[in-house]
Amino acid sequence: MTVILNNNQDLEKPSLINKTQYWNDDSAEARNMSVKIETKGLSIFFGEVRAVKNVSIRIASNRVTAIMGPSGCGKSTLLKSFNRMNELVLNSRIEGEVLVDGNNVYAKDYDAIELRKKAGMIFQKPNPFPKSIYDNIAYGPRIHGIHNKIELDKIVEENLKKAALWNEVSDRLNTSAMDLSGGQQQRLCIARALSVEPEVILMDEPCSALDPISTSRIEELMRDLVEEYTVIIVTHNMQQSARVSDFVAFMYLGELIEYGPTRQVFEKPLNKLTENYLTGRFG
Amino acid sequence: MSSLIEMFIEKLLLICATISVVVVILIFIFLFSQGVPALGKFSIIDFLFGGQWQPTSIIKPEFGALPMIWGTMIVTAIAMSISIPLGIIIAVYISEVADSREKEILKPFIELLAGIPSVVYGFFALVTLATIIQQLTGTNSRLNALNGGIILAIMAIPTIVSLAEDAITAVPREYREASLALGASKWETIRSVILPSSISGILGAILLGFGRVVGETMAVLMATGNAAIINFNILDSVRTLTATIAIETPEVAFGSLHYNMLFMLAILLFAITFTFNYIADLIMRRLRRTGR
Amino acid sequence: MPRLMDLGLDQLTNMIIDMANLAEKAIRTAMEIFEENRLINSESVFQISEQLRFLREETSNLAVEILARYQPLARDLRFVKSCIDIAYDLSRFGRYAYDISLTTKWLGSLSSCDLRVPIETSEKALAMIRKSLLAFKNKDAELAKTLPADDNVIDHIYSGTLANVLKDERITKQCALAVALLMRHIERIADHACYIADAVVYIVDGEKLGLH
Amino acid sequence: MNRKAMKQLVYFQIFRITTISIVLFLFYMLWTFVLNGLGVVNWTFLTDIPRNGMTAGGIFPAIIGTIYLTLMTIIFTVPVGVASAIYLVEYAHEGRFVDIINSAITNLAGVPSIIHGLFGFGLFVVLLNFGTSLLSGALALSLLDLPIVISASREALLSVPKSFREGSLALGATKWETIRHNVLIYALPGILTGTILAVARAAGETAPIILTATFFYRPNLPTSLLDGTMSLPTHIYYMATQHYNIALVQPLTYGAALVLLLIVILMNIVAIVIRSRYRKMKKW
Amino acid sequence: MTVILNNNQDLEKPSLINKTQYWNDDSAEARNMSVKIETKGLSIFFGEVRAVKNVSIRIASNRVTAIMGPSGCGKSTLLKSFNRMNELVLNSRIEGEVLVDGNNVYAKDYDAIELRKKAGMIFQKPNPFPKSIYDNIAYGPRIHGIHNKIELDKIVEENLKKAALWNEVSDRLNTSAMDLSGGQQQRLCIARALSVEPEVILMDEPCSALDPISTSRIEELMRDLVEEYTVIIVTHNMQQSARVSDFVAFMYLGELIEYGPTRQVFEKPLNKLTENYLTGRFG
Amino acid sequence: MPRLMDLGLDQLTNMIIDMANLAEKAIRTAMEIFEENRLINSESVFQISEQLRFLREETSNLAVEILARYQPLARDLRFVKSCIDIAYDLSRFGRYAYDISLTTKWLGSLSSCDLRVPIETSEKALAMIRKSLLAFKNKDAELAKTLPADDNVIDHIYSGTLANVLKDERITKQCALAVALLMRHIERIADHACYIADAVVYIVDGEKLGLH
């Protein structure tokens, strides 16, 4: 195809193909892509249960990576290991390594606080604090020592803009965030996560509580964010994953079964399990 | 036919539900009908601001409630100033800091304490606590405001802890996660997210604790010494509204001015607790409605 | 913010436009063989035709991908669906152009033949392609609806020409064959332009008129 | 360790120490009762009447009095309380009337127990002339317990998901059928827990019955509703404050207090156990 | 197309086209179809709010009709009016008529209990009773006076089979229904609704709490049920509606904006609002 | 319980099979003109060709509908996608058959020509169609992979025949033209049979081999 397209400059301009289907360009780019997060033989235990089993995965920066798989396969657990949120569960224990920018985040002297600044998290249910919109966004920066009003104002505006929410709320920054609609709340949460200048954004089924219209807003936002951040999303929704992700990781019973460019995995999965899952011939 | 039965059942249930209303109204009417006649014989001003309570004086009975109001106030103040901070700290500890094993022990234990009869606390204050305080301070009135205040605080702590703990636990897990995911420490999360968002529940807990303290009878009766004088030393004996009613009612002559004045004390007490309970209720209700 | 799907739809549109341009180029190149009596190798037309075939495949791949990714509905659905058909029509143009270019290969040099009618008609057909593409670009159903009239004209010329070459004894058998073959391809081109117009009407109004 | 973590550690240690001290203090309190009461609690103590001007003998009449009062309170409050709760949760629609009932209930719950006593004294003992009797006492206690039973039952009913009711109604069940077959059974453990807690409270209450039902010394058991009685809480109070030789009887007082404590704690434990079982069982 | 297909007997056998796309056969059949439920100028008020505005709709028997529209447009309210479940809300009041089998169900002497037997309801969240699987299904029949064990056994088995659940649970009918997975629970609820021999099945977003695989099970079940029952479903999910429904009703701000055969509405909606909603250009 | 989508996929399969049968019938009918020297009116072939065109449209409509309704993935996606292409290939068979049937219309009676090679080769091409369909029905990638060899054979015959008719002076110009035209169409048919085989391999293995 490249041969043909080369004759047509028109087709070379930024387009869907270039934006979400870079894998068209063979895995060459994939091989050159910089790795943001990497796990090496990662296993995560809850007491006796081994929720994640010996997973080694390299996640590309500035790409959307989707983690998929049947319920209970360890998607959320894996995601949370990237910012050590799984530590909050009593009895949880890990084996193996999680490297972010090449550093093992489970090393003794690695600061979980810094890690969580670096890897923001968006949850399934929008969870704005019961504070004003402004205070929601300012929360993180304040925690990290910014109290200058002008600076905070700037941060709030900037991040609301990034989250495509500024237009809708700029005139009511001091009203409660709880009065926003579900979709707006989720975008607020994204803005809040952005406020501490993360490099990675982890999303755990961020749209499963939203209506279809809010969902597509968030999906558009994801594609926007990936220009600047590394986005990792857990989703049950195959179409969503098809729409937004560049890479798909498929998990089953705690293991990483398949991992590759989205188009390839969706069109031609290598693993029979993946195939069955994608075609709904599962369990 | 079946709809007739349905209707009958509904009416029956309705009647039962109305009983509480009837009772409250009855209490209201009764208190006022027994108390208000006294105002014809004794001015309300003297009642509220009179410093002397000598109901059985043959010469000139005095019904100044101020000493009891004072007593109630000082005991309550001591009790609350101890129980509020401790209650909140323990509530936070149980719900946010303690590991699950500690929690499993602490929670039922606190609940259990809420169920211990006040007379038992009173007896403890009377015998043991008073001795301890006396030994520590060297005061000569064994039974005093401090003693009453402390025992009331201990009685109020379970109430405050369990209600505040409920309020804190009711803070959605999502807030915690959100804050932690932003790189806040656990303590920062408690201070900046959890406490602010459970503040109304905690306030409700405090107010209910307050109501319990003001209305408490047996413990203060046994712990404070019951001297109806105004005194600014917390190591002196005081007497509360509730104690006065408990002490004097059995001996009073039915229909006498003293009898009526006891009801006036009850009205006063009722007004105070009613006010606080009402505010607490308002807060709790708003809480429930907004679902926080 | 544009919908994610819009990126894909724009891309589809661009690909269709590119294809239309290529198709026009193919037909023009093929016809030039006769116009200037140049003996252009049909190979270059074949190249364009193959490009169109590949592009058609790409377009329909993209369309399928959009369908499976975004599940378009209503107008979007009609658009994507139609793009598959339009791409097919456009790729046919390439094939017809190639067939036209083969005429000399089959029948030898036609320098002695009077090919003015086919050449003129091919201009008309090209105009129809441009028109259908304009209608597509502007989602102009009214413009699209004028194409059947153009097609009628060409049909008319076609049958008239056939009758004429059979009747007119001065026309050699070879030339008659050449004119007939050329006209038939041109007539097919006009048909497919009409199909495109059909698709445009369907995109805009949701009606399948069956204009041709 | 960075500043954040340091700060957190300090705070959390302070919290832990505070909590542990209070808990230890309360254990100490309970321990004094065990220590001082265990010596006197024996079979005779439990089954004998007080003797020698209450300086010897047992607390049998007080125990029985407490049991009688408690049982009567249950009989008065549980049916009315549960019925009220059912009405409020299942039938009443939001509105003025419900608001009135609700605020009556909260009010009633907030009335200091001594006022219940005074009210009971004035109304039941004096005006209605029931005298100082089981009936007066139980009625006074009932007023105090009613809101507790209602609230507990209401919570239990509210915790039954609305979807159970909808599911049943959508199958063509009537409202009462729905409540009986598909709501009450699931609320029952909750109601039971609440009731037991209310009962425990009634058993330990002093102020209301001191004015309405009990005597300092009444060794013979009540034979009618209109008889007065002894009871454990008031017995403790009297022995601790009114006895002519408080110091002498202090061991007996400790014994009585220990028995009361055990009764009340036992009931609480039963309630807690029921509740935690029920929580584990319940899956909605 | 019919012309062509007639030459090919193969294509005439039951197939997707015949099953879900009868509207291919023009509206002739639609016009002849028997009407199960009809509303005439139906308005439903909650206090002052008019949640449903003058809706007149005729719902075909033995078809799946989907009610769609943005959140709060009155879908659930309309659905509930079909079995008078909306009466349970205080202050609710209706104007107009709802005819089921030609009888106005809001007439004074119409028995709501009978109606609810006739029109079973499935809710958004699976709501099995915390009883055994057996008792869940037997609940309705028992309420309506069947206590014979053999008869109940038969009813339980039959309806579990209809709901495609029998194979999965036949060996543990006495275990708690709460132990089933979400999708199984929802099928149980369907079996429970079937147990009182309804003619209509009303479903209010029956899959919104389920994972994709359970969802497709329920969707397949819906297509099965429609052979015997009239199915009405409220759904947010356009693809779901496209998959299962024969007719689509589109509501907006309480009004019925568009109503027609699914393929037509999805391919060529007549109303601009519907078009915008379907193409996600909404609000 | 079958997936809802399966109903649609089965329907697609059936339509493809029907189309293949029709395509075979069209080619056979067209070739019969020469075989038995019957002067069958090309109209009947045109009818089948039009039927195929309509069926292709129906098939691709259904495929699009399945894509938009069920969002198939993996093998299902490849299958639906391929059905669109296969239907296109099959509809082309109809068109080639029609073009074949037009040969006599263009060149007059060919009773004097030796058409044994085209007729034999057409049988080979028909066998390829049947084979590709069998591969499709049975999702037999191995069988599909044998088609390019068959195609090579036909390509060989084609170029050999062309050389032969040019060299052999006994063959009239008209006959030479007829053989060349017929062989070219048959060669195209074989190509499209290969495309179908390609699609089958893609469905089964997910590989686009580009066999032809």
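Think of it as A, B, C, D, E and F in the order they're written, each chain with its own count starting at 1.
Everything below uses one rule, namely that contacts are C-beta pairs under 8 Å (C-beta built on N, C-alpha and C of every residue); 3 or more make two chains touch, one makes a residue touch a chain.
Quick caveat, the model's predicted, so the values are computed rather than measured.
Trainee: Which one of the chains is farthest from subunit E, going by Cα centres?
Mentor: B
Trainee: Pick same or different for copies subunit C and subunit F, depending on whether their interface residues overlap by over half.
Mentor: Result for this pair: same.
Trainee: For which pair of chains is the number of C-beta contacts greatest?
Mentor: B-D
Trainee: Any idea how many Å lie between the Cα centroids of subunit C and subunit D?
Mentor: 92
Trainee: Any idea how many Å lie between the Cα centroids of subunit B and subunit E?
Mentor: Computed from C-alpha means, the inter-chain centre distance equals 55 Å.
Trainee: What is the distance, in whole Å, between the centres of subunit A and subunit E, each centre taken as the mean of its C-alpha atoms?
Mentor: 36
Trainee: Using mean CA coordinates as chain centres, what's the gap between subunit C and subunit F in Å?
Mentor: Their C-alpha centroids are separated by 22 Å.
Trainee: At least two other chains touched by the same residue of subunit E: list those residues.
Mentor: Residue numbers touching two or more other chains: 216, 238-239, 242, 280.
Trainee: Among the residues of subunit F, pick out those that touch two or more other chains and give their numbers.
Mentor: Residues 3, 68-69, 71-73, 77 of subunit F touch two or more partner chains.
Trainee: Among the residues of subunit B, which are close enough to touch at least two other chains?
Mentor: Residues 185, 188 of subunit B touch two or more partner chains.
Trainee: Per the contact definition, I'd like the list of subunit E residues that touch subunit F in the complex.
Mentor: Touching subunit F from subunit E are residues 1, 4, 7-8, 10-11, 15-17, 19-20, 164, 216-217, 219-221, 223-224, 239, 242-244, 263.
Trainee: What residues of subunit A sit close enough to touch subunit B in their complex?
Mentor: So the residues of subunit A in touch with subunit B come to 83, 85, 88, 90, 113-117, 120-121, 123, 125, 127-131, 139-140, 142-144, 178, 189, 192-193, 195-196.
Trainee: Mind listing the subunit C positions that touch subunit F in their complex?
Mentor: The contact residues of subunit C facing subunit F are 57, 60-61, 64, 67-69, 71-73, 77, 80-81, 84-85, 88, 106-107, 177, 180-181.
Trainee: Note which residues of subunit B are touching subunit A in the complex, please.
Mentor: Listed in rising order, the residues of subunit B that touch subunit A are 99-100, 172, 174-175, 177-185, 188, 192-193, 196-197, 290, 292.
Trainee: For subunit E, which residues are in contact with subunit C within the complex?
Mentor: 238-239, 242, 266-269, 274-275, 278-281
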